[in-house]
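Shown below is the structure under consideration.
Chains: A, B, C, D, E and F, in written order; residue numbering restarts at 1 for each.
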Amino acid sequence: MAADAALLEQAKRVLYTAVLSDVLDGLGHRHQAMRPSVRPLDDTLMLFGRARTGIYMDVYHVDPAVNPYELEIRLIDDLKPGEVAVLACGTSGRIAPWGELLTTASRARGAAGCVTDGLCRDLRLIREMRFPVFCGGIGPLDSKGRGMVMAIDVPVETGGVHVAPGDLVVGDVDGVIVVPKAVEVEALRLAIEKVAAEDTTRKELEAGALLADVFKRHGVL
Amino acid sequence: MAADAALLEQAKRVLYTAVLSDVLDGLGHRHQAMRPSVRPLDDTLMLFGRARTGIYMDVYHVDPAVNPYELEIRLIDDLKPGEVAVLACGTSGRIAPWGELLTTASRARGAAGCVTDGLCRDLRLIREMRFPVFCGGIGPLDSKGRGMVMAIDVPVETGGVHVAPGDLVVGDVDGVIVVPKAVEVEALRLAIEKVAAEDTTRKELEAGALLADVFKRHGVL
Amino acid sequence: MAADAALLEQAKRVLYTAVLSDVLDGLGHRHQAMRPSVRPLDDTLMLFGRARTGIYMDVYHVDPAVNPYELEIRLIDDLKPGEVAVLACGTSGRIAPWGELLTTASRARGAAGCVTDGLCRDLRLIREMRFPVFCGGIGPLDSKGRGMVMAIDVPVETGGVHVAPGDLVVGDVDGVIVVPKAVEVEALRLAIEKVAAEDTTRKELEAGALLADVFKRHGVL
Amino acid sequence: MAADAALLEQAKRVLYTAVLSDVLDGLGHRHQAMRPSVRPLDDTLMLFGRARTGIYMDVYHVDPAVNPYELEIRLIDDLKPGEVAVLACGTSGRIAPWGELLTTASRARGAAGCVTDGLCRDLRLIREMRFPVFCGGIGPLDSKGRGMVMAIDVPVETGGVHVAPGDLVVGDVDGVIVVPKAVEVEALRLAIEKVAAEDTTRKELEAGALLADVFKRHGVL
Amino acid sequence: MAADAALLEQAKRVLYTAVLSDVLDGLGHRHQAMRPSVRPLDDTLMLFGRARTGIYMDVYHVDPAVNPYELEIRLIDDLKPGEVAVLACGTSGRIAPWGELLTTASRARGAAGCVTDGLCRDLRLIREMRFPVFCGGIGPLDSKGRGMVMAIDVPVETGGVHVAPGDLVVGDVDGVIVVPKAVEVEALRLAIEKVAAEDTTRKELEAGALLADVFKRHGVL
Amino acid sequence: MAADAALLEQAKRVLYTAVLSDVLDGLGHRHQAMRPSVRPLDDTLMLFGRARTGIYMDVYHVDPAVNPYELEIRLIDDLKPGEVAVLACGTSGRIAPWGELLTTASRARGAAGCVTDGLCRDLRLIREMRFPVFCGGIGPLDSKGRGMVMAIDVPVETGGVHVAPGDLVVGDVDGVIVVPKAVEVEALRLAIEKVAAEDTTRKELEAGALLADVFKRHGVL
C-alpha cells in the first residue's frame, strides 16, 4: 500500500537509508540496498521519490534511421514532480546515460532525482544545480552508438536491486534503498519510530555507557 | 620491540604513510600497505594507534537465540585509549560492520579509530565526530543476519595485510600502513630521519634542480 | 595535423571532456575516454597538454646494481612546458609511480600534469600545489622493487586508451580524453562549435521546453 | 513439502538441471542456479541429494589449542545415505576444504556428493572414486590456518544461492540447482512432465520444423 | 572483399586460429581474438562460418503479452548453411541463451555453429550432436524473464570483439577469431602461406636447432 | 639447501602438490600455491623441475628495429634438462607467450615444462607432444606488439607466488607449488613421510572409520 502525503512528508524529513535498511531487514526484505558502487555525485543531497524506470541495451553501431534517444526522451519529458528516473544499464560501464541536459530537463519537470548503475557526466553543472544524482561511475561517454533505452515503466534491476515502477527510492550519503510497495507504509512507520530509539541509544553511549549495557536495555544497536 | 611513549608521540606528529611504507620496504617488509580500496571517510584525519582485531564470518540467517553482536560489543567495550578497532570482513562486501553507534561508543572509550575492509554507514554523523575511519566501501546494510564477529584479539588480514593484535596501524589520505612489532622501533626511527631528508630533496626540486642531480646527490627519491 | 597555438589556447579555455568525447565519436574515434577508474586527485582542476609517455614493467626484487628510477628521471627532467607525463602501469595496482617529488620536479619544468593508471601518493602536498594529476587509485607504495620504467616516448595504453607521444590529453571532473593527432584540428574546431550549440539547448530546457521538442529543433542532445 | 521416495526416485532417474531451472522459474523461484564458476570435477556424474550445510570463516593463524577440523569432522561423520555436504566458503578463494580424505569418509557413509564454492584438491583420487563433487575451483591449499567451519546445519549461501538444510540439491554438467522445500513436490512433478514435452519438441526440430512453428504449437522452447 | 568458395574451402581445411591471429596482427587488425573466457564446449571441433548476429538485452520480468523468443526464433529459423549464430549477451552472465533445442534447429538448417559470450546449457546433448558451440560459460538458466533478443543482423560485440553480419568467424581449441570483411581474402591467403612456413620452422626445432638460429633464418616465430 | 639427485628422484616419483602444500604450510611458507586460474593444459601430466624465469612487459606497438623475442629466445635456447620455463606476465591477459614452437624447442633441450600466468596457444600440438604446460588461460594472441621479455633469471611473481631462479616447481592436476630453496630438503623429506601417513589414514576411512577417530589416532587429516 502506498503511503499518504503526510506520512511521505514526515518520512522525507526524518529518515535516512541506514534506518530504512534495518527496518526492511526486519520485515524480511533483505536485498533492498544498491551495490556500494552506486554513489551520490553530491553526498550532502538527499534523494526521495517514486521510481520511473528505463532499461538500456548495449548497442555497437549508430543507425542513422533511428532516434537513439527516443524512449529516453519520452521518459524524461513525462516525469512528474517527485519522481525519480531509475535507469538500468547493467554492468558494462560503457555509457554515461545521464548528463546536464537530462538534469536540466528533469529539474524543469520537478523530478526528484536520478539513480543509475551506468555512468554520469557533466558533473560540474549537475552539482551546481544541486540535483540528486546517484550513479555507478563517472565518464564522458555519450550513450549514442553505445546504449539505447528499449523499455520504460517496467520492472528493472539497478545496482543489484529490483525496482518496480512507483517504488519509493531513497538515497543519501550511505547509499540507495528501494522500498517495495507491499511494505511501504509499515516500513516508513517503523523507521520513523526507530529514529527516535536511536537518538536515545546514541545519547547513552555519548555519556559513556557500555554497548553491552545499552544493548541489554534497548535490545537494538 | 614496542616503541616507548616519546618515540610514539614524535612519530605520530611527523610521520605519514608514504614515508613509513618506504622504510618498511627497506627493512624487507614489503606487504604492509592495505589495498587502495580501503579509504578514509575523511581524508584530512590521521589514524595512529595499536590494533585490536576482530574477524567477521558471513552468515545467512538470523538466529533468535543468539546475540549477533556479542563479540563485537565485547571488543568495542574493551577498547583502551589509543587503540584502533581492526575488523576483518573479507571480500564479500555484504555488510557494514561500522556505523555511528560503534563510533560513539569507541570515541567515549578514547579509541583512536577504526580500519575495516567491510563497509561503513552513518557517514554524516561519523564525519561530524571527526573520528578516523578507514573502510572498504560505503553502504547502509547492518551486519545482523549477514555477518558476525567470531574471534577477537587474534591475527587477521584486513585489506590484504596481516595485522597482529598490538601492531601499530597508521592511516592518512594515502592509505593504511601496518607496522610489524618486530621492526617497530627501527621503522619509526628511520622514518623520522627520512622525513627530514625528503624536505631537503623537495626544496632543491622546488628551486629547479633536475631529478637526476638530486638523486645523484642524495641517493633517494 | 597539430593545432596552432591560437586554436589550442581557445580550446583550453572553452572545452571540456564530454564535448570532446561526443565530437570524437562523430569522427569515428570511439575509444578515446579512459576507464572511469582513472580519476582526478582534485576534480576542480583542468588538464590540457601534450603526452610524454612511459611504460612501467612489474618487477619483484631490488637490483642494487641498477638505478630503478633511471628512465623515469630522464622523462621528468625532459618535460617541456605544457607537456603531460603519461605513465602506463597496466592493471596490477601494485605501485604508486607518482608522488610529490615528481610533482615538484614536473611543475618546476612547467609541465601541465600527469595521467597514470597506476596509483598516486602524497595527495596532501600534490593538492596544495594544485597540479593536475589523474590516476588509477591512491596508495603509499613506492615503485622501487615493484615497477620500473622500461621505455619512454613510445606509444602506450593508459586507462584502456592508446596514447601516442604528442597526443593532446584533456582531463576534467568527467574523466580523461585523448585526441588522436590525425583529427586534432578538426576535433577541436567541431568541439568549440558544439559548446555554443549546447548553451542554446540548455537555455531552452531551463525555460521548460520538452526534450522531444529541443531534440527535434536542434537534432542533438 | 518433501517428496516421497517414489517421486524422488523417478526425479533422480529422468531430471536434469536445465528442466528443473525452467520449472522453478515458472514457480517464481528465479535464483536457484549456482554461479557458473561452480563446476563438476567430473561432468559425467549426476548429483542428487539433500543438503547438509556448513559455513567456513576465513582465519589467518593456526591456534594449537583448537582442532581446526572439529565441526567439519562432525558434519561429515554424521552424513546419512543420500545427503550432500554443502560447504559455504564465500568468495575468498583461499582454501580447498574438500579433498580425497573427506571424499573417502563421505562415500563410506553413503553420502551423495559435495557442493562448495571453495576449492577442491586431490582430483585424481576423487575422480577415481567417481564421487560427485561440484566446486568453485581447484587448488592444493588445506583449510588449516586459512578457514574453519563455524556452524553446521544452518541456512547458507553457496555459489550465490540460498541453501537450507534438507533442500534438494541437483547437479550435472550444466550446473547446480537448489530446490526450495516449499515447492519441492510441485517442482519435481512439473519437471518430469516437461521432460516428456521437450522430447516431442526436439523430435519435431530434428525433423526440420521451424522454431516458430514448434513454439506456436507447444508454447514452449 | 569476400573470399570465393575455393579459397574458403582451403582455408577451412588448413587454417587454425593462432595463424589467423598472427596474420591479422600483421595487417593491423590487432583486436580480433575473443576474450579467453569464450571457450569451446568440445575443443576437438572446428568452427568456420559467416556471422549472423543478435543482441540480447537484460530484462527483469516476464511480460505475458510478449513472445520473449520472437527475434531469436526469427534469427535461427533464417540461418543458411555455413552460417554461425553470434549472440552478444554482454557481461552480465545471467542467461544461457543457447541450448539443445536451438542447436537441433540450427543443425537442421545446416548452420556451422554458435558463438556467444553468454552461457550455454544442455551440454550433454549438444556434445552428442557434435555441433561447434563457443560460449562464455555454462549454466542452466533460460533467457525467459532474464534476456531478450532486441536486434538481429546488426554489428555487435561478442567476447570483446566487433562482429559485423557476414564476417568470417573461426574457432578452435585456442579460441575464436573474427576476420573483418575488408581484409578477408588477404588474411586467408597470407595465413595459408604461413602454415607452410611454420611447418618448416617446427621441423628444424624438432631436429634440435636453436630458436636464435631458426629466427635468424626465417625471421618469424 | 638444494636436494641431491636421489632425493629429487624419489620426490618426483611419489609426491603431489597437495602434500607439498601441507608440508610447506607447516614450515611457515603459506603462500606457495599459485592462483587457481593457473591450470594444466593436460591434467594427467606431472611437472617437476627447477625454475628458469622471465618477466614480460606489456607493450603497445611493434618497433621494427627491435627483435621482440630476443630475451625469450635466449632463455629457451639456454634451458638445461629438467628446467622449467617460468614466465611472469602479470594480470593483463593480453598475450599468449607460450605456443608449439617454444614447446618444440624446449623439449628438444630436455626442459621439464612451462609455467606462466599468461595465455597459451597451439593446444592441440602441445598436448600431442605431452609437454607439461601450466598457464593462466588459452588464447591465440602472439606476444609481438603486446609483450616482451625484459629480464631473465631474476626473481619473479607468477600466479601470485614468488619464484626465484632455481626454485623447485611442482605441478599436477591440483595446481602448481613453488618450493623455496631454503627449505627444499626438509620439505621434500617431510612430504615423502606424509604420503605414507596419508595412505594409512585413507585405508582406515575406506574401511568405514569415522573422521573423528582417525583424526584422534593420527593427528592429521
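Keep this in mind: a residue touches a chain if its C-beta (ideal position, glycine included) is under 8 Å from a C-beta of that chain, and two chains touch if they have at least 3 such contacts.
Predicted model only: the values in this text are computed from it and were never measured.
Asker: Go through A-E and A-B and name the pair with more C-beta contacts between its chains.
Answerer: Contact tally favours A-B.
Asker: Which listed pair, E-F, B-D or A-E, shares over half of the residue-numbered contact pairs seen at D-F?
Answerer: E-F
Asker: Using mean CA coordinates as chain centres, what's the gap between chain C and chain D in Å?
Answerer: Roughly 49 Å, centre to centre.
Asker: If you average the CA atoms of chain D and of chain E, how far apart do the two points sit, in angstrom?
Answerer: 31
Asker: Could you put a whole-Å number on the gap between the CA centroids of chain C and chain F?
Answerer: 40
Asker: Multi-chain contacts in chain F: which residues touch at least two other chains?
Answerer: none
Asker: What are all the touching pairs of chains?
Answerer: Taking the chains two at a time, the touching pairs are A-B, A-C, A-E, B-C, B-D, C-F, D-E, D-F, E-F.
Asker: Which positions of chain C touch chain F when the two form their complex?
Answerer: Within the complex, chain C touches chain F at residues 55, 57-61, 63, 88, 90-92, 150-151, 154-157, 162.
Asker: Report the residues of chain B in contact with chain C in the complex, numbered from low to high.
Answerer: Within the complex, chain B contacts chain C at residues 16-18, 20-22, 25, 30, 33, 35-36, 39, 43, 172-175, 177, 198, 201-202, 205-212, 214-215, 221.
Asker: For the complex, which residues does chain C have touching chain B?
Answerer: 67, 69, 73-74, 76-77, 93, 96, 99-102, 104-105, 108, 119, 121-124, 137-142, 144-146
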